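What follows is a group of structures, each given as C-alpha cells.
Shared chain: subunit A. Partners: subunit B in the first complex, subunit C in the second.
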Partner chain A sequence: MGLTYQSTGRSTTREIFNVHNAGSELVIALAGNPNTGKSTVFNALTGLRQHTGNWPGKTVLRAEGSFIHGGRHYTLIDLPGTYSLHANSVEEEVARDFLCFAKPDATVVVVDGTCLERNLNLALQVMEITDNVIVCVNLIDEARRKNMHININKLSNALGVPVVPTAARGGEGLSELMAAISDVALGRVVPKPVLVRYSDAVEKAIAQVEPKVREIIGAHINTRWVALRLIDGDTKLVQAIQRYYNDQESKQAEAALEVLA
Partner chain B sequence: MNSEAAVGNLLEEAKTIIGDQQAGIRDGIVKSIYDTSENITKDVVSYTSANRVDWDRKIDNIITSPVWGFPIMFGILAVIFWVTIAGANYPSEFLAAQFFWVQDRLTELFWALNAPDWLHGFLVLGVYSALAWVVSVMLPPMAIFFPLFTLLEDAGYLPRVAFNLDRFFKKAGAHGKQALTMSMGFGCNAAGVIACRIIESPRERLIATLTNNFVPCNGRFPTIIALASLFIAGSVSVTIASAIATLGVAVIVVFGIAVTLFVSWLLSRTLLKGEPSSFTLELPPYRKPQVGQVLVRSVIDRTIFVLSRALVIAAPAGGLIWIMANNTVGDTTILAAAANWLHPFAGLMGLDGYILMAFILGFPANEIVFPILIMSYVSGGTMVQMESLADLRHLLIDQHGWTWLTGLSTVIFALCHWPCGTTLFTIQREQKNWRWTLLAAILPAGIGIIICITITALARALNLV
Partner chain C sequence: MNNSTPLNRLGNGCCALVTELNAEGLTRRRLLDLGLVPGTKVEVIRRSPLGDPIAFNIRGAIIAFRKEEAEKVLVVQVS
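So, the complex of A and B:
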C-alpha cells in the first residue's frame, strides 16, 4: 500500500490535534456561535462518552466524545464557539485550523433558530472550507414560541447542504441529526454547498490566485477558500499552512522509514 | 518539494493582484457574507402572527443608529446627572447639618471629660470631621447615581454604548472592545483594567489599560458632581443652576471619552503601532431591570463599598491633616508650608496649593480628594465650624478666592490625573512591567497638567479671570 495522502496525511494531521483513534473512526466536528446550545447538542449526542482537555498548545477548552450509529463509531469534536473563522481570536484560529487541516469527515454547524441571520454567517464560512456540512437549526422550540416559522427545505436548498431542525434540550430531532451525520460522513449524501458570491473585484482576484494555490498546495485544502484568505491578506493562515504541513511531512517521512525498516 | 515557502510568496502575489483596494477588501468580504445570510434568512423565515413587533430590533435601530445614537446617549447621560445633582443637594445639606450637630455634641463631651486639647483636635476636628465630610458630600450623589447607572446596565444599554463607540475606537487604532472596558471604567478603573483581559491582542490591551483612567470612576464622579453643583448652585437661580451643572458634568464625561480616544490614537501611532483587529459584539436582548435587586446590589456592592473604602482612608487622612495644621515649622503650620510650596506650580494650573495637595493625599482613593480639600481649607483658615453647604460655597469662593477657572481646572484635573493606588497596583499586576505602570500614571497626569496650564494661560491672557 502506497503512502497516499489519504492513508497517512489525514491521520497524521489529526494526530497533531490529539484526536484519538484517528485512523479508524469517523471524525465529526461541531461548530457554532456561542449561546446556540452547541454544548447541549454535544452532550445529547455523546452522553457520558466524552473527555475534555485543552487544544494542543492553546488554553482553549476542548471536548471530545463519541457515539455509535448504525454500527459505526463516530468521534465528535466540539470546536470552540465562534462568530466567524477569520482567526481574530485564539478560539477562531483553533476552530479554523481544525476544519482546515484535520479535515473532519463531516462538520455540524449548530445555529440558533431564533437568530438565524447572525448564525448563518459562520455556516457560510464553514461551507467555504469543507463541503461535508450539516446545518443543525437548534432552539427550534424557542423559535416556535416566538411564532417564527423556518422553512427547512428551502434553507437546505439555499445552502446546498442537509439541514436538521432540533431542540436539543428536549431531545427533539437528535436521531435525524445522527442519521444526517452518518449520511454525509459515509458519502451516502454529498452536499453541494452554495457558496457566497463576492464582489466582482474579489471574484476576479480569486480566479487569478486560485490556480496558483492549486499548483502549490494541491487539493488538500479548499483552494478557492485559501485564495480568498490570501486576498484578504491573512498571514496567520499562511503560517498555519506552513506549520501543519511541515509537521506532517516530517511524520510522513517517519512513517516511510518505518515501512522501509 | 518545498511548497510551504511558496505559500508565503502567494500572499505577496495576491497583494499585487488586489493592489490598492486591499483596505476595503476585508469589509467587502464580510459584507458579502452578511448580505448572503440576510437574503437567505428573509427567504426562509416567516412569522405566523402578522402583527408581531420585534421591539428589541426597533429600539436598537434607533439607539444604535449613526444619527440618533449619540444624541440619545448624551441625553440619557444628562438625565442621570440631572437627577443626581438636583436630588443630591437637599440630602447633602441635611446630612451635613446632622453631622456637625453631632460634632458639637462630641466637642462638649470632650470638654466635659477634660480631655486634652490635642486629643479633641485629632479625633473630633481631624478624624471625625473628615468622615463627616466624606459622608455628607459623597454619599448622596453616590446613593442616587449608582442605582441609576446600575439600572441602565441591567436594562442592557451599556453594550449599545459600546456598539456606538466601536467605530471611533477602530478609527483610533484601538480595539472595539475597549468601548466595553471603558464603560467598566465608569464603575471602577481598577475593574476596567482587569476587564482589559477580554482584549486578545497585547498591543490593544495595553492601549485600553493605559487610557482607562480617562473616564471618571465611581470615586471621581461624586467629586465632579459635587463640585459642579456646589460651584454653580447659588450663582444663578436653582433650576437653571442644576441644568448648567448637569450640562457641565455631561460635557466633562464626553470630554473624558474624547481624551480616551485621542490618547488611544496617539499611542497607536507612536508607542504601540499596529492595525485594529475586528470582533463581534453580541447585543443582548433588552430586559426589564429588576428594580429591587438593582437597588440592593448598587447600595451594597457600590455605595457601601466605595463609601467604606473612602472612610477607611479618610479617617487617617483627616487626622494627618489636623496634625499638619496644628504643628509648625518655623512660623507657619506644616499644612500651610506644604501648600505654599506647591502653590507656584498649582497656580500655573489654575489651582492652588491646597487643591494640588488634596489630589496628592487622595492617591490611595480618589473619593477623599474633595473632603480632604475642605478639611485642609477649614483647618488652615479661620472658619472652624461649618453648618451648611452654603458655608462650603462661602469657604471656597469668598475665603479662598475660587473663580470659575479654579472650579474648571479642579474638575479637569479630577478627570485627568494619576490613577488611584488600587488602579496602579492592578495595572502592575496585569502588565507585570513597571514601565507601563509608570506610564499609566505619567500619561494622564501629564495630559491633565498640560490642559490645565493651557486653559489657565489662555484665560489669563484674554483677561477672562
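So, the complex of A and C:
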C-alpha cells in the first residue's frame, strides 16, 4: 500500500476497511461462531439489502447492509464466523482487525442458544476488545424445541452486557435486538462487560505491561487487551497495529514486545 | 494420569474426557479455542473412509481433526 495513514482518526481506519458511510451513520459489527445464524440475523435486520464483496486484500467474503431504526441509519457489517479472535486464520484476523481498528459503534455477538457453552468463549473475547457489546442468543426456537430454558436476565447480569433472545428465522426478537443495538450505539445504555480475571501471575504481568501500552498507543485500542496479546506473544497483532496506525507507535510496540520475549 | 490415551485411538461412539493437551503455540491455542480444555467431554462421531480425519462432537459442535491434531489431545475414556 503506497498510502500513508498519517491521521489515525476513526474515519480513516474505517476507510481502510471499505466501510462507506456518511459520517452520521452508525456502524454495527456482527460477530459469532460459524453456523449460529449470523447471516440470518443480518438478512432479517437489513431485509436482504446487502452488498457482498471481499475484505480488502483478503478472499474472505464480507457482507454489508443497512437498516433504519428510530430515524437513524445503521450500517451493519457481517464478520466472518470464527471460534476465536486470536488470528490463527484469515477469518479470525479479519474479524479481529475490524473490531480492533474500525471500532464499530456497537458489536452484536450472535450465539447459538442450543450450545451457549461453546459460543460464549467468543463473546468474552469480543468483550475484552470493546465495551459496546450486545449478545444475541439466536436459535432460541431451536433451544425451546430441545426443552432448554435460557435465563436471559441472569446471563445479561453475568456478562454485564445486554442480552437479546432471537429466532431470526421466524423474525422473533428482532425489534428488541434493533432497540438494544440503538441503545448501545447511541450511548443510552452503557454496557459494563464482566471481564475474565486471569491467574495472579498473568494479572501481575498485565499490570506491568498495560501502562506502557497506554503510553505508546494511547486510547486507540483497548490497552488491557493489547497487553494480554503481547504477553501471549502475538506478533501478528503488532504487525496489524503497524499496518493500521502510525509507524512510530508500532515500532515502540514492537520494541515493547521484544523486551517481553 | 497414566491411563490416558490420544484421542485418535478411540473407537467410533466412544466418549472421553480431556486430560491434557500435548501441543504448544498455535495448535494449542486452536484446540483450546475449539473448546478442548481439560475435563471437556468428547464423543467420537465417525471416521472418514481412510481413517483420518476423525469427526468429534465437542460441546455441541461436530469438529473434525486430522491425526496430527487428535493425537495431541490426551483423554480418559468414560462409558
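Throughout what follows, the second predicted complex is superposed on the first by the 236 of 261 C-alpha atoms of A that agree within 3 Å, B and C clash if a C-alpha of one lies under 4 Å from a C-alpha of the other, contacts with A are read in each partner's own complex, and residues count from 1 in each chain.
To be clear about the criterion, a contact is a pair of C-beta atoms (placed from the backbone, for glycine too) under 8 Å apart; a residue touches a chain by one contact, two chains touch by 3 or more.
Keep in mind that this is a model prediction, so the values were computed, not measured.
The superposed arrangement places subunit B and subunit C in clashing positions on subunit A. Shared-chain residue A:179: touches no atom of subunit B or subunit C. When the two structures are aligned on the shared chain, A:189 is found in touch with neither subunit B nor subunit C. In the superposition on chain A, A:88 makes contact with both subunit B and subunit C.
In the superposed model, A:241 makes contact with subunit B only, not with subunit C. By the document's definition of touching, of the two partners only subunit B reaches A:147; subunit C does not.
When both complexes are overlaid on chain A, the residue A:118 reaches subunit B and subunit C alike. In the superposition on chain A, the chain among subunit B and subunit C reaching more residues of subunit A is B. Common to the subunit B and subunit C contact sets on subunit A are residues 35, 83-84, 86, 88, 117-118, 121.
In the complex of the two chains, the subunit A residues touching subunit B come out as 34-35, 83-84, 86, 88-90, 116-118, 120-121, 124-125, 146-152, 154-155, 158-159, 196-199, 201-202, 205, 208-209, 212-213, 216-217, 227-228, 230-235, 238, 241-242, 245-246. Residues 33, 35, 83-84, 86, 88, 112, 114-115, 117-118, 121 of subunit A touch subunit C in their complex. Every residue of subunit C that touches subunit A in the complex is listed here, in rising order: 26, 29-30, 33-35, 58-61.
By the touch criterion stated above, subunit B contacts subunit A in their complex at residues 3-8, 10-11, 13-15, 17-18, 21-22, 25-26, 28-30, 32-34, 36-38, 40-41, 43-49, 52, 200, 277-280, 282.
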